[in-house]
Amino acid sequence: MNENNSTAVLLLSCPDRIGLISRISHFVFERGGNILDLDEHVDGDYFFVRVAWNMKNFSIPELEIAEAFQPLAKEFNAKWKINFTEKNLRLAVFVSKYDHCLQEILWRQRMGEFNIEIPLIISNHEDLKPLADQYGIPYFVFQITEENKFEQEKKEIALLKENKVDSIVLARYMQLLSLNFVDEYPNQIINIHHSFLPAFVGSHPYRQAYERGVKIIGATSHYVTRALDDGPIIEQDIIRVSHKDTVNDLVRKGRDLERLILARAIYFHAQHRILVHGKKTVIFE
Amino acid sequence: MNENNSTAVLLLSCPDRIGLISRISHFVFERGGNILDLDEHVDGDYFFVRVAWNMKNFSIPELEIAEAFQPLAKEFNAKWKINFTEKNLRLAVFVSKYDHCLQEILWRQRMGEFNIEIPLIISNHEDLKPLADQYGIPYFVFQITEENKFEQEKKEIALLKENKVDSIVLARYMQLLSLNFVDEYPNQIINIHHSFLPAFVGSHPYRQAYERGVKIIGATSHYVTRALDDGPIIEQDIIRVSHKDTVNDLVRKGRDLERLILARAIYFHAQHRILVHGKKTVIFE
Amino acid sequence: MNENNSTAVLLLSCPDRIGLISRISHFVFERGGNILDLDEHVDGDYFFVRVAWNMKNFSIPELEIAEAFQPLAKEFNAKWKINFTEKNLRLAVFVSKYDHCLQEILWRQRMGEFNIEIPLIISNHEDLKPLADQYGIPYFVFQITEENKFEQEKKEIALLKENKVDSIVLARYMQLLSLNFVDEYPNQIINIHHSFLPAFVGSHPYRQAYERGVKIIGATSHYVTRALDDGPIIEQDIIRVSHKDTVNDLVRKGRDLERLILARAIYFHAQHRILVHGKKTVIFE
Amino acid sequence: MNENNSTAVLLLSCPDRIGLISRISHFVFERGGNILDLDEHVDGDYFFVRVAWNMKNFSIPELEIAEAFQPLAKEFNAKWKINFTEKNLRLAVFVSKYDHCLQEILWRQRMGEFNIEIPLIISNHEDLKPLADQYGIPYFVFQITEENKFEQEKKEIALLKENKVDSIVLARYMQLLSLNFVDEYPNQIINIHHSFLPAFVGSHPYRQAYERGVKIIGATSHYVTRALDDGPIIEQDIIRVSHKDTVNDLVRKGRDLERLILARAIYFHAQHRILVHGKKTVIFE
């Protein structure tokens, strides 16, 4: 029997059928787990669920849960994963020269808002090393050119593996990752795009928004997929602008959006609140 | 076995203990019900749940479900109720002279946004009878004075009972209900107050907001309790104002808030998405 | 000298130069006008201004103001117009089958929120005639086919001219106007598009939004130009959605956006608060 | 004639009368100033204006403008002040132990978002000295007890005068300033209160909000006056909460509000966009 105070979090999706909640909750109940939070969603004929339970008094240890749950999951033909709040996700942050998103992440991390580890920061520039130093986090520079991209990414991936990194946050990282890199971390790379997607895809959204004369600008956090700015959306929000705002004002106002929305996306991801289904996300807030 | 396509909705709250979800979902499962939606919440040591399941193929008829569920509820020491989407709530709307909230309710009702019946409208003035007529809803006038209030409310209550009214919506009704009336419909009377409660309790919130120089005004929908503007809050929202806005502008802007927020509160209430616990609500959105 | 209580509103734009405000305000001052509101904007080297003054005690009558102001405007090489609040804009509303935007406009009009006249409603369907009748507004049906479009629009334009219509509101009118029609009313046709432009141009934005998995939907009111959904944006706003929302939920939530945003656009337009410059608007809120 | 590129900003309020804008803009025009921005407001019979003009080519130097403008201001019986964008306001920041507001201010200051100087930070605790050090700003600690408050504040005021401080920002400073201190800086002390004033005055607003079961929490930035949390409101905003949020969640969500709203208030203040009139502010956005 466990003595710890960890929480187990099951994320599961499968074709819908009768009895899913009953059987999953029974699995927890019969082993002595108290369900703290259960949220489910049915989209047409597909079923999604997040169940969190207290591991105190649970009759089997963390390491054996997956094996015990396996037969049920197989019967349901489910995609699933069980995480434990005791074991934080390990996130690497990729940056270039803008500091606002990194500032926000490091500050929130120190405030204890995320349950994550940040073993390293990777950049294609030296600029933000002093900020990383303030927080005592190793900072690695990999300069990227068209010629060396393949080689540099290979080294980055090796470094990430070595550091047992689970997920990657692109905190205004100004390089496109290769398809090869993206494939290494499916639904584990979180990007912040500085527009209200699908409006203004690409690299100059504030300029485009200014020229179109919109009355609202937005930002979008999404998982990175092979198609540019087209991955499953995690979070979006907007801020009002007016004819008085220059492109620089949009950039200034947009910075606040970018860092807050990216922080919310990391929060959901780190708490195992996101299921990806096709091109969309289910967020159990 | 049922052939209908109705959905059953259980709302239940009780002291938290292990196995609640497992046993409730098992109750549904073993009778052939497919859970469409389950949302739960634990607040300290109290448990709240909303479970919706399809009645098609359910092994016992609607009328026998309460009896079948009773033993479980008793063991859990629960407050609970099961509603069926086939049987709409019956709401009476109380109004005075302002038409915006009534317009909104009747229009949404006709659009099919609410699953409710509106068997009658009660007012202390004749003014909104033409609007009620447009929608073909009986309109009753009970003029209220200090002297006749007790007698008039008795007649109103009789009329409500006769019409099998479940809940009451105060759509900018400008009379205070007596404690006696309030006690007849605990957590079944929905009010809209034209401020961001608890700021600006009482009858001139826009005037007060103007004089305080706030930059935002709000509106609040809540259940009516014995204390003025102090009942459990269902929904709130706000709109920005500026130094350019006169009291009349606040009234104009506030009207939009009032009708939208009241509509959202009715929507949650009619879909059985609200549990009241002490002075607060749990809203399963 | 005028005895009336009307307000004059000058909207003017011209190349920026020194002394513009001084000379315009002096024009008002030396004729005895008290400026109630002045708002200006400089965008690079172009100047925009809205000046409202009280006509009481103004030394020349309304009819002579344009002539008196002409020399100044000519010197500034300005585009300009003076309106009087006494004389309401005359708006025709075009509708098809959806009633929510028309409801909203007619209700606000009766509440006195707009200073407009609505001499007629035009539709390609009979459906909303009863609503027009409730408000006592003439309702004309012009069925549109590919073959008769040119002829029908000619009749519509004749009817609009006959009724001295200044501007047109497309309140979810489901027909594209021909370029010929659009050219008759430059920057005088207000449309509501049910997406956050420039995202989701075209006729199925809610479906597209659902499929993309956005977390926010929007609506946009804009002036109609020759290019589809590409005219100067007047107002935009958004509402949050989640994975729980079906396409029908987006439609339902979107209706609230559409009618509120269209109403705000009409409000700005009717109060002569909008200047169009190229593809963008300056809104003097 | 001036060669510099500074902008002059006049803030003026006086009883309303005919010709104010004409005469003020003429004052600028006849000295060769190009008005960049003019915003005015009339509230009943009181007049408020903000005029910004380019000092390039202005015929008199900065130091002589006040004297030149004095006769006009006297005739209008006006309260007024002219600032120059070349000369930044000097703000002192007061803090206790929470770092989020100070972080936000220092980061935005370094990004160039504010046009201010921060010559010093004052605290009643040592905790935030390392943060001040990172930005190279002198940090002074004055421990406050009931007994020494009068003496310590005298020293603080002396230090502020010595550093030519114009305004003070209370960035979650947890001590009440004495009336004596407040009187030294009328409408120059900006506070952030962690509730939607006038709701939840005092020191535990998140606790109160939690217990009342509100669906929205807010924050308010205001000028400090002699009455607690009752000064003229500069800016307010809100964030949604739900039954799932604990008091700690309200604190976490509220932090984001507090720092963003305080930053907006400083932005308006530093750009000379605020006029105080009685208990209210006019904000020329």
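By letter and in written order, the chains are A, B, C and D; residue numbering begins at 1 in each of them.
As a working rule, a contact is a pair of C-beta atoms (placed from the backbone, for glycine too) under 8 Å apart; a residue touches a chain by one contact, two chains touch by 3 or more.
In this text the structure is predicted, and so the values were computed from the model without any measurement.
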Report task. Work out which chains are contact partners of both chain A and chain C. Result -> B, D
Query raised in the report: If we look at chain B and chain C, which chains touch each of them?
Result: A, D
**Report entry** Farthest-lying chain, centroid of Cα atoms versus that of chain B
**Finding:** D
Query raised in the report: So if I superpose chain A on chain D by CA, what angle comes out, to the nearest 5°?
Result: 180
Requested in this report: Please work out the Cα centroid separation of chain A and chain B, and write it as a whole number of Å.
Outcome: 37
**Report entry** chain B and chain D: spacing of chain centres that average the CA atoms, whole Å
**Finding:** 43
Query raised in the report: Do you know which chain A residues sit against two or more other chains?
Result: 41, 244, 285
Requested in this report: In the complex, go through chain C and note every residue touching chain B.
Outcome: 100, 103, 107, 111, 113, 134, 244, 252, 255-256, 260, 285
Query raised in the report: Which residues, counting only chain C, touch chain A once they are in their complex?
Result: 41, 43, 196-200, 211-216, 218, 232-238, 242-244, 279-283, 285
Query raised in the report: Can you list the residues on chain C that touch chain D in the complex?
Result: 16-23, 25-26, 28-30, 32-42
